[in-house]
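First chain written, first letter: the chains are A, B, C, D, E, F, G and H, and each begins at residue 1.
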Amino acid sequence: MKVAIISGSKSDENIIYEAKKTLEEFDIEYKVYIASAHRSPEYVKEIVQKVNSEFDCIIAIAGLSAALPGFVASYSILPVVGVPVDSEMFGLDALLSITQMPKGVPVASMGIGKKGAHNAALFIARMFANQDETLKQKLLEYIKKEEENIRKINEEL
Amino acid sequence: MKVAIISGSKSDENIIYEAKKTLEEFDIEYKVYIASAHRSPEYVKEIVQKVNSEFDCIIAIAGLSAALPGFVASYSILPVVGVPVDSEMFGLDALLSITQMPKGVPVASMGIGKKGAHNAALFIARMFANQDETLKQKLLEYIKKEEENIRKINEEL
Amino acid sequence: MKVAIISGSKSDENIIYEAKKTLEEFDIEYKVYIASAHRSPEYVKEIVQKVNSEFDCIIAIAGLSAALPGFVASYSILPVVGVPVDSEMFGLDALLSITQMPKGVPVASMGIGKKGAHNAALFIARMFANQDETLKQKLLEYIKKEEENIRKINEEL
Amino acid sequence: MKVAIISGSKSDENIIYEAKKTLEEFDIEYKVYIASAHRSPEYVKEIVQKVNSEFDCIIAIAGLSAALPGFVASYSILPVVGVPVDSEMFGLDALLSITQMPKGVPVASMGIGKKGAHNAALFIARMFANQDETLKQKLLEYIKKEEENIRKINEEL
Amino acid sequence: MKVAIISGSKSDENIIYEAKKTLEEFDIEYKVYIASAHRSPEYVKEIVQKVNSEFDCIIAIAGLSAALPGFVASYSILPVVGVPVDSEMFGLDALLSITQMPKGVPVASMGIGKKGAHNAALFIARMFANQDETLKQKLLEYIKKEEENIRKINEEL
Amino acid sequence: MKVAIISGSKSDENIIYEAKKTLEEFDIEYKVYIASAHRSPEYVKEIVQKVNSEFDCIIAIAGLSAALPGFVASYSILPVVGVPVDSEMFGLDALLSITQMPKGVPVASMGIGKKGAHNAALFIARMFANQDETLKQKLLEYIKKEEENIRKINEEL
Amino acid sequence: MKVAIISGSKSDENIIYEAKKTLEEFDIEYKVYIASAHRSPEYVKEIVQKVNSEFDCIIAIAGLSAALPGFVASYSILPVVGVPVDSEMFGLDALLSITQMPKGVPVASMGIGKKGAHNAALFIARMFANQDETLKQKLLEYIKKEEENIRKINEEL
Amino acid sequence: MKVAIISGSKSDENIIYEAKKTLEEFDIEYKVYIASAHRSPEYVKEIVQKVNSEFDCIIAIAGLSAALPGFVASYSILPVVGVPVDSEMFGLDALLSITQMPKGVPVASMGIGKKGAHNAALFIARMFANQDETLKQKLLEYIKKEEENIRKINEEL
């Protein structure tokens, strides 16, 4: 099981990092591509065509008029998870560009920025867990640990 | 492979219908539940616990302060796809409630309303297609037909 | 009379502090809990169940898709006062998540951030003052002092 | 225990009705006043002064630049619950005017419109339930019935 | 001189009509295509490649996550004029998707809806007028008539 | 001719300063008051009653749920010019609170922040200029100088 | 004392009517002009130049990118009162275009639509009342009647 | 072929610079003017009248209530490209003022800020390329280089 992370700009490194780190925690294989739907559409298409045969799903990260997730979803039947970046307008432009897809081309949007990238990886772990008992256990542990951490914070209050 | 559709209110029938119809087109089994995260949290929990062992993913439909998708995602490690409903404020309240999930609990948001429900079903078809060649073919056909329809419209212009 | 302050994240310390300080000024007993509706729902439930029998009202502080106040209100019949935190989008996401509750589950929202936390404590002082003459006097003094301070500022202008 | 409902305009009758009906369901006494903070400030003051000695809390309903709840809260130490009306701008103007109160004058905002008025009454029932076992039982029943209704809907699906 | 009008959906007929009518008034040749960037990207590409060699500029009309104008601009060096459609959210989603293009791929956005489509045609008339004295005269007359109409309205007041 | 500047908070000093400086440039007499509509309503009333008999118009500066300009306008028949302050939400809350006054109580809103305070003073100079030839000359000069400055900038480009 | 009402479009008749009716109630002389800043700038200039010598202030009514009030204020030193029209985007576009004037050119904005037009007339009555005792009495009566009406509504409740 | 860049304020230097630099890359002649539609309307008119006979198109840069692009378009039949500046409100005020032009006066809006200024220049290069083979080649190269750069980034990942 492999994830392709495609990001619209190298400047979103810290967002990409969040997705990578989380996928690694779940031992999910990934590869990162930087490619802009607007400035390199043919290259995105090449990447997507390669991804279509070698990967199982796609994380697409983009800001502003964030066309990348929708563009990628148009050329693939893999599940595409979009992460809006807060480049301007506190991310509202990217959020609307990613969520308001027309009927027929699904993109699954996460929240804006780092937390969205982290959750994109988690969401994918959930998708893969259906066929992977180890992953399932890891997710259950992740959830358990989250709660334990919060319980601990309260003991120390 | 089975999908649980959980909707926060019976009044969202036309949104639910859109998801059902599309899942049927792809021969994906589903079951519909009406349950409000705010007005029947324990019942939602019961549903989610049942869903966790019998279903493969969840579509959660909600308007206003749309807590349902996030609530469901908290009690499950299944992938949760959220559909914001345009009950008030042209759906902006529901869109932000569904997308802006904190780090750790992923919800995959579709667009607002009917188109979002249709795309939720399509997204799930894409998820399942990884292990289902028939579904894969259907998705490829769906995409092909979409394009053919558009080409036909132009011939008739 | 006792207030439970439940905050969705330890990072909202300065918001929590504002509520604590104000409650102390009015000699209102309180206890602080850190618990996330999304990352530790069962723990929130435990807290709320304890709070239900030992406390008289709840302040719930949360940012982003701020489900905590509504979640708490679902499991309690105590009055719940919500404080939206400005984590992103200048707090608009949290404000809408907290205010736009469906019919049947009331959450009383204060303004965004520190001033909201201060006012949450004041609002609770007003609630308790119905049965507490000392508190009533303190509130009247608070109001009087606020006005006096403003009058003094003008004398010094 | 008595509630004063003050509404900024007679045209908000259907919003007022929602609050009245819900208070009646909980056998909570109330009296309705129509008074505009902007067009009849002295009259509002008169009402508030009377309310201060005879009532236990206030519901203030207003649209547009909704100053009424804050105005009322300035002249009272009773808890004030605000209901923003969707007169224009899908209620965003009223919501911000009611929630964004400065430090020192608390107003508890409900959601926009009818659901907000219903919840204002529920919130007040919760406030009074601390000293009223019958009310407490009614609230528990209300919550129970809400859930039962939802369960029934599912049986009939 | 020829204009290609590409619209994302047949349902935008009345918007397309506005552009057509105005181009006809200025005797500017055009051809209409219906093609969705998301549902028929390859067909859009085919159209754009044909347009690139036979047309002088492009009007791209789209709603929601309005990727069409940007997509078209990526595959062409012709000037692309975008018209956001008010499908949902009073057109804000389409407006931001069309205007917030990244550095490197220019799209010229008009206002939302019919007036935007009319102005798209006028803008193109201005572009072509540089090399076309007749068009220049027509534009000057258009402007003159606009003013005369307004003057006449006042005489009749 | 005299202007009363009433500001809701001492922290808006730099906004107040902008109004003062501009009034001084036009030799318009003024007096500054700090008084909060919410925290010192009676004091605002006292000020307004005094202002009503001794001043000719009022500048009211406020942020957040900016009730001050409307409150002042309720107790006066002097022209009230409001200046929204960018305390939070980039001033949108204050702008809507000041502009969206109900039918019957006029407040004239300037833009957000410093520029708004400067323009408030200019607007008042225009009001007074009807009866003051010197002021009229100063305004004409101001406008002339503005243009000259801009012309000079271009000479130096 | 005379008011010039300049409206950007004949389609705003019902907004214009509200201003006219209110001015008539206060026996304030006025004249209505229809002229668009964008479609007939020279005609607006002519009107403003005439208005400058014969009138005492200006009401400018406009929707969308509402440049008219600012344009008029640029060519006049009379006080200009702007009324944003809700043509699209619930009037947000017009409200921001009218309020966010740069430092140096003051426009006094009223609220959106009819209520704004009514208040524009009232604001002007307040401006003129400084030099007109009859007008002053009428304004005091207006305010008194507003309050009386509200008191009467309550007696009939 | 010559471009007039008109900017509403000298403080937008870094935005102007972006347009200049890009026009220079394409060997397009330009001249910069600083002139405010609101503070120097007659000077803008003078500039536009000169520009009308000597230039081929106009870039108009403005923030806040950004009237400049529309004002310029009213006095010209040249194509006008507007660039909204993020002076306040993250540029939303300027974006709406520039895009929401009424039917009859076209302004072509780019995105907010620097990227918008860059794209304004690119858009103009596209307009001129119709009659200029060298420019056409440069645009094709620009697009090619953009894609090559992105491909290189990936090789280095």
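The definition used in the following text is that a residue touches a chain if its C-beta (ideal position, glycine included) is under 8 Å from a C-beta of that chain, and two chains touch if they have at least 3 such contacts.
Molecules present, by chain and UniProt name: A, B, C, D, E, F, G, H = N5-carboxyaminoimidazole ribonucleotide mutase.
On a predicted model such as this, the values are computed, not experimentally measured, just so you know.
Chains touching both subunit B and subunit G: D, E. Taking the options A-B, A-E or B-D in turn, the interface that duplicates C-F in more than half of its contact pairs by residue number is B-D.
By count of C-beta pairs in contact, A-B exceeds the other of the chain pairs A-B and B-D.
Between the CA-based centres of subunit E and subunit G the separation comes to 35 Å, rounded to the whole angstrom. We define each chain's centre as the mean of its Cα atoms; on that basis subunit A and subunit F are separated by 49 Å.
Centre-to-centre spacing of subunit F and subunit G amounts to 18 Å, using the average Cα coordinate of each chain.
Residues of subunit A in contact with two or more other chains: 36, 39, 64-65, 88-90, 92, 99-102, 104-105, 111-112, 115, 143, 146.
Contacting chain pairs (ordered by label): A-B, A-C, A-E, A-H, B-C, B-D, B-E, C-D, C-F, D-F, D-G, E-G, E-H, F-G, F-H, G-H. Of all the residues in subunit H, the ones that touch subunit A in their complex are 86, 90-92, 111-113, 115, 143, 146-147, 150-151, 153-154, 157. Remark: subunit F residues 56-57, 77-81, 95, 99-112, 114-116, 118-120, 122-123, 126-127, 129-131, 136, 139-140, 142-143, 146 touch subunit G in the complex.
Note for the complex: subunit A touches subunit H at residues 10, 32-36, 39-40, 42-43, 64-65, 88-90. On the subunit B side of its complex with subunit C, the touching residues are 8-9, 36-39, 41, 63-65, 67, 70-71, 73-75, 88-89, 92-93, 96-102, 104-105.
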